[in-house]
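What follows is chain A paired twice: with chain B in the first complex and chain C in the second.
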Partner chain A sequence: MSNKPKKLQRYNRLQKIMILGILLFSIPAMIFALSADEIIQEMDRLSTFETTYSTGSIQTLDRFGTKTSLFKSWSQGKKDSLIEFTSKAERGQKILRTEGSLYLFYPDAEQLIRMQGAALRQSMLGSDISYEDMTEEKNTLDNYTAKLEQNETFKGNECYVLTLTAKTRSVAYPIQKIWVDTETYLTWKAEYSTAQGRLLKEMEVLETFVSEGRVIPKQSKIEDKMKKDSSTLMSVDSFEANPKLDRSIFTLENLTW
Partner chain B sequence: MMTKLPKLAFRNIFRNLRRSILSAVAIAVSAMSIVMLFGLLSGMESDMANNLKSYYTGQVRIQNADFEKYERYNPLHLGVDWKNIEPILRDNSDVRAATPRINFPANMYLGEKSHGVMGIGADFSKEEAFIDFPSILQGGRLPQEGKNEALMGFALARDMHLGLGDKVTLLSTTATRGSNAFTFEIVGIAGFPVAGLNANSIWAPIDRVQKFLGMDGQAQEILMLLTDGVDEKQAALQIKGDIQNKVNTATDTRSWTELNSFYGLIRIAKIAYYFIAMFFFVLGSTVIINTTMMVIFERMREIGTLSALGMQGSELTRLFLLEGFFISLIGSAVGVIIGYVATYYMGKIGLNFTEAFSGMDIEISSILRPETNVLTAIAVWAYAVVISTLSTFIPSRHASKIQPVEALRYV
Partner chain C sequence: MVGKTKRHTTMLFCLSLLALLPLAAAESPVISMSLLPTIQYQAKDDTWTDTMVADLSVSLASKREGNVRGEVVLQGNSLNPTPSFDSIVQKAYFKARFPSFRLTGGKTRLSWGDGMLFNAGDVLYGSNDASVSLTQAELRSTTNWLASVNYPLGLFSFAEAVVMPSETGVPIDMLFGARYYTTVKDIKMEVGYASMNPASSVRVHKPYLSLQGNLGFDWYLSSSVAIPEAGDIATETGESWMISGGVFHLMTLPLDRSLTLRLEFLTRPFGRWETGAVKDSDAALLLYPEVVLAYSPSLSFSLRAIISPLDLSAVSTLGMSWNIFDAFNLIGSISLATGEDGDLFAWSSSTSSSFSATVGSSWVF
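Take a look at the complex of A and B:
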C-alpha cells in the first residue's frame, strides 16, 4: 500500500522531467528554425558575391551528338552579369544582363539584340539552358512566394524542400520545387514546372567547390523536359570571388569592346 | 427516211426557237464554265510547276540524306558539300544548270522589334538559269558576292517600312547548333510571283550566309535544271548514284514531282474536275430534257399522225435524239468558243489573287494566268455534246412508246 504511491510519485517526477527536457530542447529549435523566406534569403545571399569572375563550359548532348561551348563570365551583385563565349563557333558573342534587360552582342551584327518576353526563354546555343536561366537575377523572393514543404535527404545531404510559386506571370517557371542544403544553402536539385504542374526543366548539382567559405556548384546537369534526348552539363573551371571589376563592363557602351 | 430524219430534226429546232435557244444557252454556259475552269486549273498547274522549279526545288534537288528526317529542328549541320558535288554535276550532260542554296529561318531585328523571316543564301550568278531576277527587281540591284547585302521581298519591305540602303540584323541558328547574328544592307527589292516569298524572304549572297551560319563550302540544298527531254526521275537516280560513288556521300536526290505533294494534288484535282464537268453537263442538260419532254407533249398529235403513217418507234426516238444532238452541238460550240476567248483574255490580263493569297504559303503566283488549250477545248465540246445528247435519250424513248390511238386523242 505504501510502495504504490512512492512508485507513482517517482513516475510522475520522471514524466515532468521528460516534458521539461523536451521543452528545454525544443524551444531553441523552435526559436532558431528558419522560415521558408529566411531559407531563400540565405540561399540568395550565399550564392551572390559582390563580384565574380569565372570560366567554364557548356556541354550539350542531344540527338545530333555533343557540343561544347566555352565561356568567361563576370557578375556584380544581384542584377549584373556578362558572359562572353570563347569557343571557336561562338567566339566573341556576349550576353549582358543589366537593369533587368538582356542584350546579345554578335561580332558580325551592327546592332545589339535586346531579348524580351518569350524570347528570353529561348535556348542558349541550342543547350537546355535558356538566356534567362544563365543570367537570372538573385532576388527570388521578389518574384516568388516560398513554402517549406519538408526536410529530405538528397544524395546524402540534409535538405529543405521548398515550393516556390510565382507572384507574377513574367517569370519563366510558375512553380519551382527546390532542394536546399540545410547547412550550406546550396540548391542541390530543382524542378521547374508550369502552373498546372507539368515539369519543364530539371537541374541537379553534380559537383561542388568551396570559395570564400561558401559551397558553389562546379558541375550541374540541366534537362529541358520539352526536348527529347537532350541534356546539358554546365561546368565551372575557374572561379574568383570578389575580384576588382570595372563597373563599366556591365554597360551597353562597353559591350562592343 | 434515214436521210430525211436529220433534216426534219434540224428544221424542228426552229419551230420554237426561243425554247431551243434556252436549251442551247444552258449547254453553252456549262461548256463555257468547264473550259474556263480547265483553263484556270491548267494555268495553276503550269504556274506552280514553274515556281517550284525556279524558286523551291529545281527539276532535281539534292539534300543531305538525313535532312528531311530532322527538318523541323533546322539541322543546318546536315548540309551537302557543294565544292565536291559541283564538278560531278558539271560533268553530267543531263544537267543544264545547278545552284547551291541555304534556306534558314531567322528573326529579323529592327530596333526593339523582331519579325520572323525566311533567309535564302544564293549564288546570284548561278541563279540566272532559275530566276529571271532583272524582271522581278522593283528597285535597286542584286546583292554582290562577299558583301553583307540583301534582296528583300517587296511586301516584307513595305510592311516593315524598309527601303534601299536600310540595314537589318538577322538572328538565326547556326550549323554548329549555336546562334549568330549578321547585319545586311538592303540593296534590292523584288516582286516575286509567289506571295510567301514577297512577304517573308530575304536573299543574300551564299558566301556571306555560309559565314553567318558557319557552313563553309556547304549548301543546305542543290537545285538543278535538266536538259530538255531528260527523264527527271531517272536523272535524279543517276545523279544520286554518281555522288555516292564519286564522293561517297549519301544524298536525298529527288525530282520535283516526287518532292511536291501539293502539285500531285492539283493533278488529282484535275481528274476530279472531269467528273465535276460531267455533273455540270448533266445539270445543263436538265433544260434540254425538259424542253424535249415539252416538245413531245406539244407534238403529240404529230407523233400520232407519224406513227399512223408507219413511222417506227425507234425512228421517233432518233428524231427527238437528233433534235437534242443539234441543240447540244450548237450550244456546246458557242459555249466552248466563248469560254476559250474568255480564258485567253484572262490569261492575257491575269487574275489578281494578291489579297486572297496574302499570308498563304503556297507555291502559286498571286497573279494567275489561265491557259487555253485547243485540244482541251475540243475535248470539252465533244464531252458536252455526248452527255447532253445522251440526256435527251430518256424523253426521246418516251415518244417511241406513245400509241397512235392514244396520240390521236389529242386531235
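Take a look at the complex of A and C:
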C-alpha cells in the first residue's frame, strides 16, 4: 500500500523531467526556426543581385514541335529589368520594367507601347510565360502574405512548403504554393492557382548553377495546366552577377535604341 | 572589245564586293515572306479575279552594339511589278548615340500619338483614313526620309525633333516638328507639333495632344488640328479638327484562352455629318471595333471592321492566324463590304473589292 504513492511520485517526477527535457530541446529550435516571412525575405534576397546580365532561351513545346526565342536580359535590384529578343522573328523587340511600369518596343513599327492592367497577362511570344511573369518584381511580401505549411523533400532536397496569398488583385496569381530549399533558398517548385484554388501553372527547376555562392536556376520548366501537350523551357545560357551597368539601361531612351 | 568586257566584269565584281562588305559587320539577314493567294469579287463589274499576293522583305541590320547602328529593309510586292527606288527601300537608316542625345537619319518611321488604326496624334503620316488592309498585323507602316534628334529628359520623358524633305523639292517647304513625351502619375502624355507644306497647298501647322491611361481597361485619346497659313483659316482649322480615341481590354477565359476587345473612333466635329459622296478622309465619324480570340497562344481568330455609322456601311474582315512552327504562320481571311451605292463602304464600289478571300502563309527566317 505504502509503495504506491512513492511510485506515483517517482512517475510524476519522471514525467516532469521528460517535459522539461523536451522543452529544453525544442526551445532553441523554436528560437532559431524561421518564420514564413523570413524564408521569403531570404529567398528574395538570394535571388536578387545588385545587377545581372544573362543570355538565354525560351523554348515552347507543343504537339507541332519546338519554337525557340533567344534573349538577352539585364536587371538591377528588385525592380528594374530589360529583356531584348535576339532570335530572328522577334529581333530587337524589348521589354522594360522599371518603377512599376512596363513598356514594350517594336522596332519594325518604331512603336513604344506602355502596358497596363490586363494586357500584362498576355502570353509572351506564344509561350506559357506572360509579360508579367518574365519581368516579375522580387519583392514578394509587398504583394503576398506567406504561410509556412510544412517541410517536405522534393527531388532529394529538403524544402519549406509555403502558401502565398495575394494581398492585392494586381498580381497574376492569387495563390502560389512554393517549395523553397531549406539550405539554398532556391524555389524548386511552384504551383500557381486561382483564388478558388484551381491550378493554372506549375514551375519546376530542372537544372541549377552556382554564382557568387548562390544557387540559381539554369533550366526551368513551366507548364500551363489549362493546356494539353504544352510546356515552356526557360534556359539561362550565360550569367554574369554584379556587372557594372549604366543606369541609363533602364530608361525609355535605351528601350527605343 | 574583250578588254572592255573584262573591265566591266572587274568593275561589277568590285562593286559587288563593296556592296557585300558591310554584311561582314551585320547581323544575319532576316527574310520575311508571305504568299497569299486571293480571290476577289467586284460587284460593280460582276467579275471574279484571282491574284497571288507575294510580299518579300529582307532586313540587313548592323550588330546591336556600340553607339551607331542601322538597318536596311528592302521590300518587294507582286502587286507592284514596276517598283520605284522608294517603294523598294522600306527602311534605310542609322542611329547614332551621343552622350546627351540621339540622332536618327534616313528612311524610317516615327510613331507619334496613340491608336492602332485611328490616331489623330499622328501628324507626320496621318493615320486618319480607312484605306488600309485589315488583314495586316501592322495596320500603319508608312516610312519616310527624315532626320530626328531624341533628347532624354529623365527616365520616362524625352523630347524629339524631326525634319523631313519637302514634297516639292523646295527647301522652304520642308516638314519640321517636335514632340514632348512624358508620364504624369499613371497617364502617359504626349504633346507635339508639326509644320508642313503639302504639294499644291499652303503651309499648315498641326499641334496635337495624346493621352493614354488605364481605368481597369486601357484607354487612349488624341486630338489635332491643321492650321493653314492662308485662306479661310478659321473654317479650315475647324474642319481639320480631329479627335481619335480607343479602349482596349483583355479578358482571360477558361482553358487559358483570351478575348481581346478594342474599340476606336475617329471624329471630325466640324466635318461632313452627312451621307453620300463623302471620302473616308473627310468622314465625320468612323469606328474601328476589333475582337481577337486567342484560342491558344499559337492560334487566334479576329474580327475587325471599319464602320461608317452615318451611312451604316462597313468593311469587315474575319481572320485567322496559326503559328504552327518557328515564325511560320498559316493565315486566312475573308473581307466583305456592306453598304449601298454612294455609301462610304459600298458593296459595288469601283475602287475596292466587294468580297475577298485569302488563304496563305507567312514565314520569317
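Here, the second predicted complex is superposed on the first by the 231 of 257 C-alpha atoms of A that agree within 3 Å, B and C clash if a C-alpha of one lies under 4 Å from a C-alpha of the other, contacts with A are read in each partner's own complex, and residues count from 1 in each chain.
Here, a contact is a pair of C-beta atoms (placed from the backbone, for glycine too) under 8 Å apart; a residue touches a chain by one contact, two chains touch by 3 or more.
Note that the coordinates shown come from a computational prediction; the quantities given were computed from them, not determined experimentally.
Overlap between chain B and chain C is detected when the two structures are superposed via chain A. Residue contacts after overlaying the shared chain place A:S101 against chain C, while chain B stays out of touching range. When the two complexes are overlaid on their common chain A, residue A:T251 makes contact with chain C while staying clear of chain B. When the two structures are aligned on the shared chain, A:Q93 is found in touch with chain B, with no touch to chain C.
In the superposition on chain A, no contact is made by A:S75 with either chain B or chain C.
Contact with neither chain B nor chain C is seen for A:T187 once the two complexes are overlaid on the shared chain.
In the superposed pair of complexes, A:A109 makes contact with chain B and with chain C alike.
Contact with neither chain B nor chain C is seen for A:N143 once the two complexes are overlaid on the shared chain.
Which of chain B and chain C touches more residues of chain A is settled by the count: it is C.
Look at A:D224: by the touch rule set out above, it reaches chain C but stays clear of chain B. Overlap of the chain B and chain C interfaces on chain A: residues 60, 62, 64, 67, 89, 108-111, 114, 116, 119, 126.
Of all residues in chain B, only 70, 73, 75, 77, 109, 111-112, 114, 148, 167, 169, 171, 173-174, 176-183, 211-212, 214 touch chain A in the complex they form. The touching residues of chain A, counted against chain B in their complex, run 60, 62-64, 67, 69, 89-90, 93, 104, 106, 108-111, 113-114, 116, 119, 124-126.
Residues of chain C that touch chain A in their complex: 27-28, 30, 61, 64, 69, 95, 97, 102, 108-111, 138, 140-141, 150, 152, 155-158, 181, 183, 186, 188, 212-214, 216-218, 248-252, 254-256, 258, 294, 296-298, 323-327, 364-365.
Contacts from chain A toward chain C in the complex involve residues 60, 62, 64-68, 84, 86, 88-89, 91-92, 98-99, 101, 108-112, 114, 116-119, 121-123, 126-128, 200, 224, 226-227, 230, 248, 250-253, 256-257.
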